[in-house]
Amino acid sequence: MTTTMPMLETYPASINLDRAELAATIDSLIACSAACTACADACLSEEMVRELTTCIRTNLDCADICATAARVLSRHTGYDANISRSLLEACVVACRSCGDECASHAEMHEHCRICAEACRACEQACRDLLATIS
Amino acid sequence: MTTTMPMLETYPASINLDRAELAATIDSLIACSAACTACADACLSEEMVRELTTCIRTNLDCADICATAARVLSRHTGYDANISRSLLEACVVACRSCGDECASHAEMHEHCRICAEACRACEQACRDLLATIS
Amino acid sequence: MTTTMPMLETYPASINLDRAELAATIDSLIACSAACTACADACLSEEMVRELTTCIRTNLDCADICATAARVLSRHTGYDANISRSLLEACVVACRSCGDECASHAEMHEHCRICAEACRACEQACRDLLATIS
Amino acid sequence: MTTTMPMLETYPASINLDRAELAATIDSLIACSAACTACADACLSEEMVRELTTCIRTNLDCADICATAARVLSRHTGYDANISRSLLEACVVACRSCGDECASHAEMHEHCRICAEACRACEQACRDLLATIS
């Protein structure tokens, strides 16, 4: 269990989103970012790296975007729904692209299979949270 | 002068965007991210910090989002227009919010004035680049 | 359970460090970084924010340093013991400072108590891993 | 010209390091981080990518470490010399490794030549600043 939910519960002011849903999304973003960072490096060490360069690049993008989104969603002071929404939309796009790319190598590379799952789960969590932002 | 344009010129494959416009946007994103990081810390040391908490939070968001966008735009391998577009749109939103917030303190705090200018310039650079992405 | 260990197990070449210990450290770094990001924002929303500015700043540093270390330790291609060692040493210093700072507010602020624990655990994990790097 | 020095001049409290030297180091760190991000991607698109995987990995590490150091050095509130020092030492190590690696490909790849120069300049700036931290 992560400290995401306990930390949300100690925030000393109101939070504009459902705390359980928010915690689930933050945890998915962090997990996706970590999986993408590891997958980029695993691809880099495959003998067939030349065929995995798009996968590596998309992994690096998705890792950066999800890490940033996890940080933004962990801040509640001076909440700005527009920033959260637009960044979650960017996460959906990045997770979709990276999930598709990794899924296409999933039968050959187990790291791509695990990473594709993390991307799919994160994409869904971001979509679910987006649906609650008016 | 930064090494952004020289590095773009050495990229060994084709780049789908205009290199001069791309370099200008990357440099604006990096400058905006640095200004926001510094402005957040300067606000934190102001005696009236309690009135600057929204500014600090928006600075932190804008710093993270622009830094990530600079990285994503610096990658051309396996280019994905959807990722670039959605992230640039998030930058426009973050720079607009942060620019507005900092501008509202610009007469009192010089760091907010400089930061607001960096946000405005970055917002415009992102809009200009977005207009060229089909 | 995170995907850190499963991803390590799929890495297609040798890893120079003990995989279980490495996974534990990466997970501690990610958890500490997330807790520090949340604690900085919680402190920012406290009425007594003026007395928490050092805590906020140290939280931001610790969040950045631990996030970077988690990424570096998640890469095994072209392993360079000197980089891992020097960065783990920086983490020990940052976690010590941030843990001390948060601990001094732990009785008053629950978010500082949780964050101090995450810093202490991360500091120890980094020390343990450092001891295995020749 | 960047806004690093103007932002340092607007910081509303004392700064424990020489502002000109600090600004030069922050700018070098930002430039090195940007060059390493671009070089990693350029290497990824080279036909001989299999021979550049160590270069890519070291570029990614150096980019992350220098970006984090630029942020830490841009914060002055609650200054902690130990954190700055240990992180600058990690930068020296990363810039040395990355500079050596890129220099070894400099005759064949212009992006590696430019990146090696950025790493050397950054390593020197970090050493110079370190010498002033008691």
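As written, the chain order gives the labels A, B, C and D, with residue 1 at the start of each chain.
We take it that contacts are C-beta pairs under 8 Å (C-beta built on N, C-alpha and C of every residue); 3 or more make two chains touch, one makes a residue touch a chain.
Remember, predicted model here, so these are calculated numbers, not experimental data.
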A-D compared against A-C, more contacting pairs: A-C
Farthest-lying chain, centroid of Cα atoms versus that of chain D: A
Chain centre separation in whole Å, for chain D relative to chain A (CA means): 27
Chain centre separation (chain A, chain C; CA means) in Å: 19
Multi-chain contact sites of chain A, meaning residues that touch two or more partners: 41, 44-45, 53, 56-57, 60, 67, 71, 75, 77
List of chain C residues in touch with chain A within their complex: 2-4, 6-8, 10-13, 26, 30-31, 34-35, 37-39, 41-42, 44-46, 63, 67, 70-71, 74-77, 109-111, 114-115, 118
Residues of chain A that touch chain D when the two form their complex: 41, 44-45, 47, 49-50, 53, 56-57, 60
Residues of chain C touching chain D in the complex: 53-58, 60-61, 64-65, 67-68, 71-72, 75, 77-78, 80, 82-83, 86-87, 89-90, 92-94, 97, 101
